[in-house]
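Labels A, B, C and D are assigned to the chains in the order they are written; within every chain, residues are numbered from 1.
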Amino acid sequence: MIIVMQAGASEAELEHVVARVERLGLRPHVIVGTERTVVAVVGDERDAVSRGLETLPGVAAVLPILAPYKVASREVQAEPTVVRAGSLTVGGGRVGVIAGPCSVEDREQIVTTARAVKEAGATGLRGGAFKPRTSPYSFQGLKEQGLELLAEARAETGLAIVTEVVSPEDVPLVARFADVLQIGARNMQNYRLLEAAGRVQVPVLLKRGPAATVEELLLAAEYILDGGNRQVMLCERGIRTFESHTRFTLPLATVPWLHARTHLPVVVDPSHGTGHANLVESMAAAAVAAGADGLIVEVHPDPKAAASDGGQTLDVPAFGRMMDVCRRIAAAVGRHL
Amino acid sequence: MIIVMQAGASEAELEHVVARVERLGLRPHVIVGTERTVVAVVGDERDAVSRGLETLPGVAAVLPILAPYKVASREVQAEPTVVRAGSLTVGGGRVGVIAGPCSVEDREQIVTTARAVKEAGATGLRGGAFKPRTSPYSFQGLKEQGLELLAEARAETGLAIVTEVVSPEDVPLVARFADVLQIGARNMQNYRLLEAAGRVQVPVLLKRGPAATVEELLLAAEYILDGGNRQVMLCERGIRTFESHTRFTLPLATVPWLHARTHLPVVVDPSHGTGHANLVESMAAAAVAAGADGLIVEVHPDPKAAASDGGQTLDVPAFGRMMDVCRRIAAAVGRHL
Amino acid sequence: MIIVMQAGASEAELEHVVARVERLGLRPHVIVGTERTVVAVVGDERDAVSRGLETLPGVAAVLPILAPYKVASREVQAEPTVVRAGSLTVGGGRVGVIAGPCSVEDREQIVTTARAVKEAGATGLRGGAFKPRTSPYSFQGLKEQGLELLAEARAETGLAIVTEVVSPEDVPLVARFADVLQIGARNMQNYRLLEAAGRVQVPVLLKRGPAATVEELLLAAEYILDGGNRQVMLCERGIRTFESHTRFTLPLATVPWLHARTHLPVVVDPSHGTGHANLVESMAAAAVAAGADGLIVEVHPDPKAAASDGGQTLDVPAFGRMMDVCRRIAAAVGRHL
Amino acid sequence: MIIVMQAGASEAELEHVVARVERLGLRPHVIVGTERTVVAVVGDERDAVSRGLETLPGVAAVLPILAPYKVASREVQAEPTVVRAGSLTVGGGRVGVIAGPCSVEDREQIVTTARAVKEAGATGLRGGAFKPRTSPYSFQGLKEQGLELLAEARAETGLAIVTEVVSPEDVPLVARFADVLQIGARNMQNYRLLEAAGRVQVPVLLKRGPAATVEELLLAAEYILDGGNRQVMLCERGIRTFESHTRFTLPLATVPWLHARTHLPVVVDPSHGTGHANLVESMAAAAVAAGADGLIVEVHPDPKAAASDGGQTLDVPAFGRMMDVCRRIAAAVGRHL
C-alpha cells in the first residue's frame, strides 16, 4: 500500500508511521517528494489497510495496491473456467441461456415453460421455489414442492435446473434437486450461505448485489471458492443508481472488466437488469456482444398472469425472437449459444 | 393504483385493462383526459402492482398509491414507539447512545471500553462477536466467546449489550446474551433472519442496507413486526452513492422522513456513515439536531490497534467531546441523552 | 396528474384541493377509495406540478402523468429522425461512426487521424477545439485555430466535422466550421447555449449529463427543437454511480428506452462511458447490438502522447478491430455502419 | 503519483514506464515488492495523470497523490476565509442566513418577503431573476426587471441580495445589482461563467452540481479564485442518488470534510437538498450542527401560489420556527446566526 503523508507532516510523525508499518511485518520505503512524502509499503497488505494506519497523525491517505481477492484472480489461474451442469455449458465460447419463470407456480406452468424455452434454444431452466420477497405480504414460493416440480420439468426436457437457495440450512436440500444453486442479489453478502455453497460440489450462480462493487462481488465468490467449490458463475443483474426509468441500471462494462481480472464466467440478467419486458431483447443482445458467457431471462407462458415479476417477463414468442437475435450476435463475435 | 394508458391506446385495450383490474378484485374508475385516459383503481392493491398490469397492451405506466408497509406505519399507530432494553432507552425524548468497538477482541479491551463509554454517558455497549466481513481473509469475530465477554462487560458496568446476529440459527444463542439484536446492513433483506428475529422478544436494531430505499427498510422491519416482535429500531448508516471521499453517504433527511411515516424510533450510525473518525463528531451532532432517537458509534481505547474498522473509530477522549456536543444539541432541541 | 390524499385527510382539505385544481384551469375527479381518496386531474398539467399542490394540507403525494417533453416525443412524430451532415448519416438503419482525438493538437495529428479513421470506416471526425476541463490548470484547447485545422482535415478527407461548443457567443463561429455542434455533458443544462444551438441550422449532438435523467435529456433537447433546429442527436455517455472501476457507468438500456419515446437518433460514447481503452471495443459492440444509431469514439495515432484523455483513447489498429466487430454486429441486427 | 505494475510485468515494460516518467520531467522511484512492483513518482504531477500512463503495457493502475486544487486549499491558506457582503457575513463563527423566494415575481411579493425574513433574522435575501429551468415551457424569471425589484427590496430592508447569474455576458449586469452572485448547480462546470465571475470583485456563492465530486467543486472554485476573485462560498445543495423520497440526497459530511481541506466557507441549502418543506427545518438544524457557515432557504409568503419550487418552500411562520431552532443549535456549538 502507499501511505501519503500530509503536506506539513513532521519528522516524528513520519517515524511513527514507519515504525507502525514495521510492526505489521511489512517493509516501508520512504520517498521524499517536492510537496509531499510518501511511504511505499511492500509485503502482503491484504488486511492491514483496515488496521488504522489512516488515523495516525500526519497521514493524509492510505492507497491499497493489491487486489484483495486471490483464488478468483486471473493471476492465479489464467485459463477461463468453464462451468458445466448437465445440459448447460457456460464459458469457453459457449453462451449458456437459462430461461424460465420468476416463480414455480404449478406443474402445468413449469413443464409448459420448460418445453417452450428448450424449443427456442435455452440450455437451462430457471424457476424460483424459495422466493425472497421485499414485502412479507408477497408470494414466497412453493418451497420443497417447487423443487419437485422443477425435477419433473427436467425429467421431461433434460434441461439443467437453476434455482435459488436463500438459507444455509437449505443448501443440502436444494443441492439434491438443482443442477445450479443460485445465490440472489440480496444474499450476495450472506456469508454463512456462501460458506455453505462452498461446501457442496454443485455449480453456483452468484448474483451481484445492487450496491456491491465488482471487487465485493469477487470477494463474495472468493468465499465459495475458498470453501472448495470451484464451479462459480458471476452474474451481473444491475445496480441501484439515480435512474428510475429502469428497475436497475445494467452496467455491461462489468463483463469485459471481469474477464480481464477473473477466470470465472460472467452471466447477465437483462430481466432484473431492466425491469421492463420491452427492453430485454436489446439488452440480451448487447450482453452477448459485450462478451457475456451466459444469459438468465424470465419467460412465462402468460406474463400477465405470473405470480411475480410479470412486468419484466417475456412471453414465449418474444423469447424466441430474443434467441434469434442473440444467436446472430454470438456468431458475429465468434461464439455460439 | 393509477394505470396510465398510452396516448393512442384503443378502446379495446382500455376494456381489457378494466376487465383485468376487476378480475383482481379491485374497482376501476376510467377518467378520459384531454391527452390521455387513466384508470384509477380502488381497493387493497398491495401486491397487484407486480401482477403484470404494466405489460398489458396500451398501458404506459402503473403508479402505486398505497404505502406497502402496514404495521410500521403511523397510520396504524400514531404514538411513537419507545424501545427499552435494560439501561438503554431509545425514543420518547431520550437519545440513546450505543458505543463500543467494532469487534470484541479480549476481556481487557471490552471491559475497559465499556467503563470508558459509560463514564462519558453512553447507555448501551456495542461490540461484534459474529462479524460479517467482505473478505474471507479478514477477522471474523470471537463468536460465542465474544458473547460471554460482552456479558462480563455488562456485569461490570450495567450497560445494555447490542450485538449483531448474522444467521437465523444463531438468534436463540445471541438473544440469550444480548439486550438488543443488531441486524446488519448486509442482512437487511435476509428474510429468514428477519423472521427469526420476529419470533423472539428481544429488541432489534435493524440497519438500512446501502442500496435499500426507505420503503424497503420499512418493509424489512415489517417482517419482524409481523412476526410479533414490536421492539424495532431503524438505523440509518449511509448509502452507496458516487461519493468516494466518505465510505458511505449519510442522508440525514431519512430521520424526519421516517418520523413522519413510522412510529418506530430512528438511530443513526455516524461511524459507518462517514468511515472517517474526524467526521464522526460533526455528523453525530447533525443527527441529534435532525431528530435522531439514538446514536451508535464505534469507540476503542486504541483505534490504531483495532482488529477492524480502525479508520472510523473514535478514541475515548474524542468520544467524550462528541458526547459533550451532542448533549448541548439535544438540549437545544428539547431532548436529552 | 394524480393527487393522493393522506389517509386521515378531512373533507375540508379535500375541498380545498379541488378548489385549487379548478383555479389552475384543470378538471378534478374525486375518487373515494377504501383506504385513501385520490383526485385525478385532467388537462395540460405540464407546469402545474411545481405550483405547490403537494404542500396543501391533507395531500400525501402528487404523481405526474404526462411526459413533460413534446416536440421530441414519438407521439408528435412517429417517424424516426435521420440526421445527415455531409458524409455522416445517423439513423434510418445507418450507424454513423464519429472518431478522432479528444483535442485537436496540431495539423499533423488531426490530418493523420482523419485519414486513419476514414480508412477504417468512420464517417465523421471528432476533435475538440474548445475544451471544457475540470481543472483550470489543464489544457483548454486550441480554440479558433483548432477549428481551422479541423476544416483542413475535412478538406483532405471529406469527413464531417463534429466539435464542441461551450458558450452561446461561440455558436456562430463554431457553426461556420463544423458540420455538427457538440454540446457536452457539463453543458447539457446550459440553457442559453441550448437556445443558441436552436437558432442555427447545423445538426447538434447533445450529450447526456452524468446526473441527468433521461427525461431531463429530452427536455434539454426540447430547448433546441423548440428554437427551430430539428436536427438533434441524443448521446448517452455514461452516468455517475457508485462504481469506480469505470470512469462512468454506461447504461445501454437508455437506447431502446429512448427509441420507444422519441424520434431522435441515439448515439453512444463508449470512450467516456468507460474511461478505459480496453473496455471500448466491447461496449461499442454492445451499443450497436442495443440499437444505437451512432458511435462517437476517441482515437489518436499515439494515445500515450495525447494532450488529454489518453487512458480511454484507442490507437488506430484497435479502432480498426472495433470497426470490424461493429460491422458484423450491425449486420446481425439488420443495419450497417 | 504511484504507478502500479501488473503482477507479471516484464523488465522491459518497467523500463519503458520509467523512461516515460522521466520524459514528463518527473522523478521515478522503483520499488520491487513481493507480489508487485510500483513506481513512485515525485514532482508536480497535476496534469500528467491524464497523459496516458495507464495505457502503457504492464501498467495495472495509476494512483494520484496530490490534490489537484491549489488556491482553495488549506495548505495554501490555513486561516478560514470570511465572506462579507453588506449585511451578510458568512464564516468566522457567524452563520449567515440567506432567505427568500425561488423566483422574484412582483414588487409586493419580494418586498413583503424581504421584510418578513429580515424580521425573523435572515441577513441575506435570495430571489431568482434569471431562472434556469429544466423545461423550456416553465417560467424563466423576470430577468433585468427582477434585479430592479431586488434592489428595491434591499433599499427597503438593507438585506444583501443573492441572485443567480446564468451566462458570462450577464455577469456585469447582475454584479451591478447583486451583493452576491449565485452560480447554480447546473452551471458549476460552465467554465466561461466561472471565469467571468473570477473577473469581478463581487462575492460568489458556488453551488455543487448534483453529480459533482467534492474535488470537482473545489476545482470549479479554483477557476474563480484563479481569476482573482477570492470571495467564494461553496454551497452543498444535495446530490443525485438512488433515493427518490427526497428531491436530492443532502450529504452533510461534506461540511466537515471541506472545512478540513479548504479555507472557503460552506453554505447548505436544505430546500433543494430535500425538496420538501416539511424536511427543511430538521436539515437546516443538522447543517448548523455539522458546522455550516451559512444557510440558503426558500421562503415565500404563500408557497402554494409560488411560481416555482412551491413544494420545498417555507412560509413565514415555518421560517421563524426554523430560525429559532437554528439559533439554539448555533449557540450549542459556539457560534451565532
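Keep in mind that, in the parts below, a contact is a pair of C-beta atoms (placed from the backbone, for glycine too) under 8 Å apart; a residue touches a chain by one contact, two chains touch by 3 or more.
Since the structure is predicted, the reported quantities are computational estimates derived from the model, not experimental observations.
Q: What chains do subunit A and subunit D have as common neighbours?
A: B, C
Q: By CA centroid distance, what chain is farthest from subunit B?
A: Result for max centroid distance from subunit B is chain C.
Q: What whole-number Å value describes the gap between the mean CA coordinates of subunit A and subunit B?
A: Averaging C-alpha atoms per chain gives centres 25 Å apart.
Q: What is the distance, in whole Å, between the centres of subunit B and subunit C, each centre taken as the mean of its C-alpha atoms?
A: Inter-chain centre distance comes to 38 Å.
Q: Would you kindly tell me how far, in whole Å, the mean C-alpha position of subunit D lies from that of subunit B?
A: Going by mean C-alpha positions, subunit B sits 30 Å from subunit D.
Q: Where in subunit B do residues touch at least two different other chains?
A: Each of 211, 239-242, 244 in subunit B touches at least two other chains.
Q: In the complex, go through subunit B and note every residue touching subunit D.
A: Result: residues 211, 213-215, 239, 241-246, 249-253, 255-257, 260, 273-274, 278-279, 282-283, 285-291, 325, 328-329, 331-333 of subunit B touch subunit D.
Q: If you look only at subunit A, which of its residues touch subunit B in the complex?
A: Residues of subunit A touching subunit B: 20, 46-47, 50-56, 68-70, 132-139, 166-169, 186-187, 189-192, 209-211, 216, 219, 222-223, 226, 239-240, 276-277, 303-311, 313.
Q: Write out the stretch or stretches of subunit A touching subunit D in their complex.
A: Residues 2, 4, 7-8, 29, 31-36, 38, 40, 42-44, 61, 63, 65-66, 75, 240-242, 244.
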